[in-house]
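My questions will all concern the structure given below.
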């Protein structure tokens, strides 16, 4: 029994060595994809992988006539695991390009790692921390998408002017991505004249929000909620059960498809909630309809519409393939030509806009103010209230001034 | 005349780590009570523990009424008819007196709780006391009752008079004699020579994990040299 | 001031949930000295099964029974086929249950995906009521939690204090060997205890999935909370679990209300403080 | 039964116990125990199992806390001192059930007790060869008859050898009082005279208290015998008196037939 | 055994000639680092007889110290010459170890597991929530191993030797320390704490110093870990790594310091390659099953298997 086990182990190790080091290296491009496939974010990570795969399916896993091999690695939402995954992809699997990661702190970690690997190009998945590209960026780290602040474009103004909310309380998870989302919301909202007297930063994974629910002052007009996954479900349920009746304004992941497809009664509470997002599940555009049809066809077990993660991993995959096509698969000379092409790359996104990068290699994006609605079949989605095209990372502010505001934190920005 | 064979132990060996605690123990007994005497640390308690199945036997056999119970776990040995009154009495400290009895109560036992209470009125008075809130004598009564209610064929008692006041020792000795009248076999381990001599007819002498001699109680009683040699007790009358 | 009392109430109701979730854990530890690190996984499993059954039958009570039974069967199987052989070897049992929890979590992710689930409550528990005096809305299901905790606690107490099985269990806690020598097959009893513990845990899972929600990671959260509750209160003591739950529930809610940044740290600081002074927990008995 | 021979405390005593009491819940294991031991005295304590003899030793060394009373060791008020500090006054003991370091060798065990007693245990540097505590360890091994087993693992020793090691440990440093808790338990008849020899050979600067069931050894090695029953100090007699005492016979081996 | 260890060291020293950077950095160096971390646990378990869940925390404290006193991208802390940073890191992890020991000194068995688990969780949540010193969720990144006289310690081959040296040093420390008077006292407490007191040695300081020493060893691993990962964050001190280190110790075997390293290399191999062998989605099941199998089949860990194999071979040879 024991010696058998040892044999298996030894055989596995030998096998692993061969699998990982193919004897004949064919003319092909290797792309590593890093996403979260375990723990609380596994559902989101899985959808990210679907998005990336969709991009490769479209070209039949080929770019510029070469085969494209995809190697998926899982992280567990920790920056450490993302770095380990990337190192394995680079050093063991010898990938040329890495797509990923999913979450904010992982993004910053890979950005830092990328500086030490000039021979590899990193294309961000869906991570959306501001500093990843805005401060201390890396030449070989690209983001064909926005940061969490860009995703909130238009919501502040819409809330103040259109909905007439003069005072808003914020309930958000206590880490960098929600900070960035709150910044995106508040930079507009405060400028328009709104006030945010209270910000409740809750530790991620909080189960019981009841004391937060009762701490929300009576005199606010609405609550801006930037919570994800189970946290959002718990907060909204408890708020409703306690008889709370303030309108909700949603952060991007609060109304994401991964939440709207959750199982249970709480979703009804979200109907009518306005939110900011670059990904609208029920977008009425030709490109989106094609995209979601192709998604549904390729992944029958997927969500009822592509999530923000599928959308962004798709764009990352697409950018990589288009870039490869343009340089004719030439990744020599530390991928210099390839990167030059990426910097200038423009393509039509699934939401019908034109994706292109700024000088920090961060996407200039289209963002949407949306609302949640119940579809005829009883499932939920979101639809567009307002389109804001060409949102850059400084959200239209002067770059130097914007930078001078300092990095986001619990207290920055502030307008009590 | 041959006794009907109640317990037979054949070449029983027990090791604790590298020390050979019990060495080739052979005992055979019928319904007449036997007592094991020996100094501290000679392996008497280990023998009891091995017989009830709580200590692993390295080799050898134990037969109860000619059935080999060597491979039985403790609970099956108990069901086969071995009652155990352990050294230190081992009361359950979170059980009351009544609960101790309820724990082992069965239908159709020869020893229903009523009978126990009539033999030990003291226990009836104390029935809601916790097991560890009893005097030594009361604990001993309870420990014996607990074993009796299983209708044992053989009682293994490990130092039942340890730490008891002299008057209580007399009571316990009485009780041991009455067990015999009920037809229950008794294997008694004792420090107290007089109790052993009074309750048992045959005495086994244990030294360093071996049974080195088997004598009649009367022989030992009248033989101070033998007492001195085996048990290290020096008295002159 | 009003807010202070509301938070107190929140702490009370959260404590009720923690208590319900920790009961199975403390029962299993109490008798068997097994630290069941798969406790969270059993809770989550019960919750998922409960969800499926409620979706099919529309009956919450059936869901809770189904969830309880599933975890009871799985728990009993774990004890009967794997853990039972290593009774008394605490570290090994801890590691085995860690391995089982890793496997179970991964298989549940496979079966139910990573989405968040919420179990539909019966009509009468939906929504909220207005609390007198404090004059705020309060969720009906949270109020019910307190009743559920009381019922669970009392039933468990009755089981342990008044039934024959309870007597056997307590005797086993005190002196397992002596119990064997009195003719009780402790192996079988342990399987039964694990089944009861699993049952309580599975039912707690359904309750959790209804009052809050469940998702991958809920298993670890409730394993940790149960550990803390039971350790602070004293392992194996029902009263201790109640006291521990109360302390932790309060700490968490007051922490969240008044010092959200370090609220979750408080919980563990309380645990450290209690253990440093009373290693066996507040109401725990010291091992000889 | 009354306590006889209440000793008067005397600062010259090696050990003095006054009103020593220990309760476990409602059970009184040792009750109002008075005793004083002169320097160089040899005393045996007799009593049936459960009489409280070992508990008394535990109280003297501080393994258990007193419920009432006080203890002076070599004139030092020790009632509240932790065990390791009482050791500094020169008291040593053996344990009834050998309490040894099964994972260490005989040499390491004796070395450790030597550095422990000389308060030199704090060093985290490896031991140098020919260190004086090493030398003491070897000397102790010789005394205990374990010299040939210096590098044997304690866990692998026989029962008798463990008893010898217990005594070796008790001899480390400069002992003033040694409490022997049933040193003969489990020894074979052949090993017993060796033990008796060893006890008799202890220098007269050392006081000895011996708990022993084996009356041969107890009576042969002691000058005075205390009888303990139900936690009480029942009487003090010379060995000769004990042999002829009916009371002792009654409580020790049961009533006379 | 000594000859075997020297042989092992020689083999390890020449490995860079054959191994690719990936194997050096991601497999070997990482194994040694995790091995040293596990060694700090193995030390406590083998010599003091307690299981501690706080070893990753102690390593993390050293790691955070290095991050705080080195150039990093978080913009927190002060840069110090690396020698000082290293000394401070070891100092803090040792002191923290002593503190853990002080808190847990009365606890044994399952209770020592629980109290150290509580300490590690408290520290984890604290680092996650505190931004002024620990930079919260994100933690520190951009930390690189120092250059010594122009030699970049972070270069794969150099770093491998640094790890190898540290691993050997830590093992040497453990072996030497265990035979010192204090080390013997620690083992005495494991076997019979009452007897230790009865030979004049107070047990609390002995227990505290055992934990402190384990903190020193864990700190060595923590420093290397930060240089290896080039980052440290709350995740580095979370429940996941804590359980990983326990798993490593157990699968390796706790009876001998080498067990920690054998466990570490096994774990790293499984962790790195399981995803290539099995369906990517289910590799956690595989890790769980392997752990279960080892815990059930080999109570003494892989070291135990090796030993029984060795004995069997001996028997065959002798026959």
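We just call them A, B, C, D and E in the order they show up, numbering each chain from 1.
One rule holds for everything that comes next: a residue touches a chain if its C-beta (ideal position, glycine included) is under 8 Å from a C-beta of that chain, and two chains touch if they have at least 3 such contacts.
The shown structure was predicted, so the numbers you read here are calculated from the model rather than taken from an experiment.
*Asks:* Starting at subunit C, figure out the least number of steps needed to reach subunit D through touching chains.
*Replies:* The distance in steps between these two chains is 2.
*Asks:* Show which chains lie in contact with subunit B and also with subunit C.
*Replies:* Correct list: empty, since no chain touches both.
*Asks:* Give the label of the chain whose average Cα location is farthest from that of subunit E.
*Replies:* Relative to subunit E, the chain whose C-alpha centre sits farthest away is B.
*Asks:* Round to the nearest whole Å and give the separation of the Cα centres of subunit C and subunit E.
*Replies:* Measuring from centre to centre gives 32 Å for this pair.
*Asks:* Just curious, how far off is subunit D from subunit A if you go by their C-alpha centres, in Å?
*Replies:* Averaging C-alpha atoms per chain gives centres 74 Å apart.
*Asks:* For subunit B versus subunit E, what separation do you get between their C-alpha means, in angstrom?
*Replies:* Going by mean C-alpha positions, subunit B sits 53 Å from subunit E.
*Asks:* Quick one: report the Å distance separating subunit D from subunit E, using the average Cα coordinate of each chain.
*Replies:* Comparing mean C-alpha positions, subunit E is 43 Å from subunit D.
*Asks:* Multi-chain contacts in subunit C: which residues touch at least two other chains?
*Replies:* Residues 106, 261, 264 of subunit C each touch two or more of the other chains.
*Asks:* All pairs of touching chains?
*Replies:* Contact pairs between chains: A-C, A-E, B-C, B-D, C-E, D-E.
*Asks:* Taking the touch rule as given, give the residues of subunit E at its contact with subunit D in the complex, in rising order.
*Replies:* 176-177, 179-185, 187-188, 190-192, 194-203, 205-206, 209, 213
*Asks:* Spell out the part of subunit C that touches subunit B in their complex, as residue ranges.
*Replies:* Within the complex, subunit C touches subunit B at residues 164, 167-168, 170-171, 173-175, 177-186.
*Asks:* Give every residue of subunit D touching subunit B within the complex, in rising order.
*Replies:* These residues of subunit D touch subunit B: 25-26, 48-51, 155-156, 158-159, 182, 184-189, 213-217, 219, 230, 243-244, 249-257.
*Asks:* What residues on subunit C touch subunit A, complex-wise?
*Replies:* 3, 6-7, 10, 13-14, 17, 51, 55, 106, 109, 113-121, 127-128, 130, 136-142, 212-218, 221, 252-254, 256-257, 260-261, 263-264
*Asks:* Which subunit B residues qualify as touching subunit C in the complex?
*Replies:* Touching subunit C from subunit B are residues 52-54, 73-75, 77-79, 84, 86, 90, 92-95, 99, 102-104, 131, 146-147, 150.
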